[in-house]
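Can you keep this structure in mind? I'll have questions shortly.
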Amino acid sequence: MNKSRYAVGLNKLAEIDGQAGHKVIESLQNVCPDLARYTIEYPFGDIYSRPGLDLKSREIATVAALTAMGNCRPQLIVHINAALNVGCSPEEIKETVLQMSVYAGFPAALNGMFAVREVLEERDLLS
Amino acid sequence: MNKSRYAVGLNKLAEIDGQAGHKVIESLQNVCPDLARYTIEYPFGDIYSRPGLDLKSREIATVAALTAMGNCRPQLIVHINAALNVGCSPEEIKETVLQMSVYAGFPAALNGMFAVREVLEERDLLS
Amino acid sequence: MNKSRYAVGLNKLAEIDGQAGHKVIESLQNVCPDLARYTIEYPFGDIYSRPGLDLKSREIATVAALTAMGNCRPQLIVHINAALNVGCSPEEIKETVLQMSVYAGFPAALNGMFAVREVLEERDLLS
Amino acid sequence: MNKSRYAVGLNKLAEIDGQAGHKVIESLQNVCPDLARYTIEYPFGDIYSRPGLDLKSREIATVAALTAMGNCRPQLIVHINAALNVGCSPEEIKETVLQMSVYAGFPAALNGMFAVREVLEERDLLS
Amino acid sequence: MNKSRYAVGLNKLAEIDGQAGHKVIESLQNVCPDLARYTIEYPFGDIYSRPGLDLKSREIATVAALTAMGNCRPQLIVHINAALNVGCSPEEIKETVLQMSVYAGFPAALNGMFAVREVLEERDLLS
Amino acid sequence: MNKSRYAVGLNKLAEIDGQAGHKVIESLQNVCPDLARYTIEYPFGDIYSRPGLDLKSREIATVAALTAMGNCRPQLIVHINAALNVGCSPEEIKETVLQMSVYAGFPAALNGMFAVREVLEERDLLS
């Protein structure tokens, strides 16, 4: 049932994104609440709750993809936070972004690394 | 020294890509051997040999990025093979590609999954 | 319920894609049946069945996007067919693709137009 | 004649973009007036004036493409406005952007929806 | 006048693309002759005939861009040929493509280099 | 040796980027100094120091690619400056960006031209 997928999704969203995910959901309420609902149902309710890949690997995959795509900075910021929340170390996240210099070029990796720096600074994790 | 980076890279290439990596290197010899040399030195000599992220996670990141980018099918085929070689299960690879439906859309995930099917078929791993 | 979304999606798939959609679903059965299921549930069950935009406009939007993205040729072929199936004229489809020369460049429009030609030829609609 | 294409284009620009289009043209005068001239001549003089596809459909196609491409926010803002100007309803525009979650991923759709919200807020059309 | 832009474009097309350009034009005649006309008028009639940048530099710019974009292989093949036709050496073309490993990643550069190899082989220029 | 590639790279960076390049390097020191090191070693130490293509052509290629890619504005700004530093005229840079309207669309060219305007304004080169 839709409601069950939504409930599963909300749980997963809380587990992974903490506050950031809810902010996105709220920001959509006055323009397209359905997009918010689908974002909870499909990515979180259907995909992130699947057992075949652990959450740390899922976030590494997403951080890699968003860095390589290069045009989704707000979502990359959310997922760098999510990666930290599910147990990836700052080092693992930096290595993921650095590796994208090979596949998507140095600009993609540099811009991704600036996003990492912004999140680590905000969370007081910059050495 | 360049020679040391090249040697480190060749070792890493053998560990990860087996035959497929060498095919790419050979195919460049009569047009641009330097690109082959840089491909061994930077991606494999410098990046993949770094300790901060395990090889399985590195290949999951690369498969995710190449699926999301959607325009590097030959390299995606190489890395699906590489992911299997370093210990990712077919299920983990499928989950990575499936997850890209969220971040890069269903076409990217579908085309990535067709590449997965091609590799698994070739390696006799299709159930 | 999941089953209801699947049923709605199957109906919409039949209405829009005829045979082509089912071919994609079948081609996934031995590698990732869940991706096939999600493809029916989300794009067709949730999105294409929404009332706020007519089917012709939906297909024009999809043909435009896939032409502009430039890296999803199999899906573009499916949707040029779908656009014809839901009542877009060949002329309307050509105009959509031609317009992408402005937003994504002439290569994207040219490659999109070659896809249009392939579909029209197959359906005996080339003047 | 060039002048005729320019005149046709200026008319079409006024019909579709109102003020926003002229702002872009003016902003180019001190760096590259020829790009402004070509922008009026080709997109508006040649393409948008063609009869084979109605203006509403043209704007839906453009909003879809720019949302999917994900890296042309200023132009997306212009065209969300243009879509409203030529008679698309806010609902039709939201549906177009929402549909891009299927083809280009949720980040593209989310970022496109935030652009929609910005335009609707500016035009006092947010419910 | 349109006819003058077309005539200028045809001349420039002959100067740069030789046979390859005309093949593209002919392949469009039964699906969208207007796209062929616009391709001659805008890229060749308006842009390539401009005096501010020499033809060799123009082709280097185009080869670089198409390599980086990674999803326009047919056009990249045409322009590698064009670059040779206007006086770029095979070495200059290889260097341009190789450099894209920095900005768009190694896959883009590898796929571009395979296109270079194909053209050089066809023109008997492979050492 | 690594150190020699780094030294060669630093020299090339100074020759091309002046201050801007060093700013990027410094901004990475507290998050990922290795990315800064690789950026000096590979792009500048290995690629830009190669003799087969002159520096002016290299910067034209990079400006073209970054304009076409459309999602690396910070790097485009750096390279418009670099192009001026190595002897490209403002006109040559504008022509390169304008030409991208053909290959990547008018939005890419417009956004690239706004970046050109910003740099020229900052360097007091706007007519």
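Observations, loosely collected:
Letters A, B, C, D, E and F mark the chains in the order given here, with residues in each chain numbered from 1 onward.
Here, a contact is a pair of C-beta atoms (placed from the backbone, for glycine too) under 8 Å apart; a residue touches a chain by one contact, two chains touch by 3 or more.
The chain lineup, named per UniProt: A, B, C, D, E, F = 4-carboxymuconolactone decarboxylase.
Computed from a predicted structure; not experimentally measured.
Any chain touching chain B that also touches chain F appears here: A, C, D, E. Set against the Cα centre of chain D, the chain with the most distant centre is B. Rounded to whole angstrom units, the spacing between the C-alpha centres of chain D and chain E is 29.
Remark: chain A and chain B have CA centroids separated by 23 Å (rounded to whole angstrom). Those residues of chain C in touch with two or more other chains are numbered 34, 38, 42-43, 50, 66, 68-72, 75, 94, 98, 100-104, 106-108. If you sketch which chains touch which, every chain touches every other chain without exception.
Residues 69-71, 94, 97-98, 101, 106-111, 113-114, 116-117, 120, 126-127 of chain E are the ones that touch chain B when the two sit in their complex.
Put simply, chain C touches chain D in their complex at residues 42-43, 47-48, 50, 52-53, 57-58, 60-69, 72, 75, 91-92, 94-96, 98-104. Residues of chain B that touch chain F in their complex: 1-2, 5, 34, 38, 42, 46, 50. Those residues of chain D that touch chain F in the complex are listed here as 24, 27-28, 30-32, 34-35, 38-39, 42-43, 66, 69-72, 74-75. Interface of chain A with chain E (complex): residues 68, 100-108.
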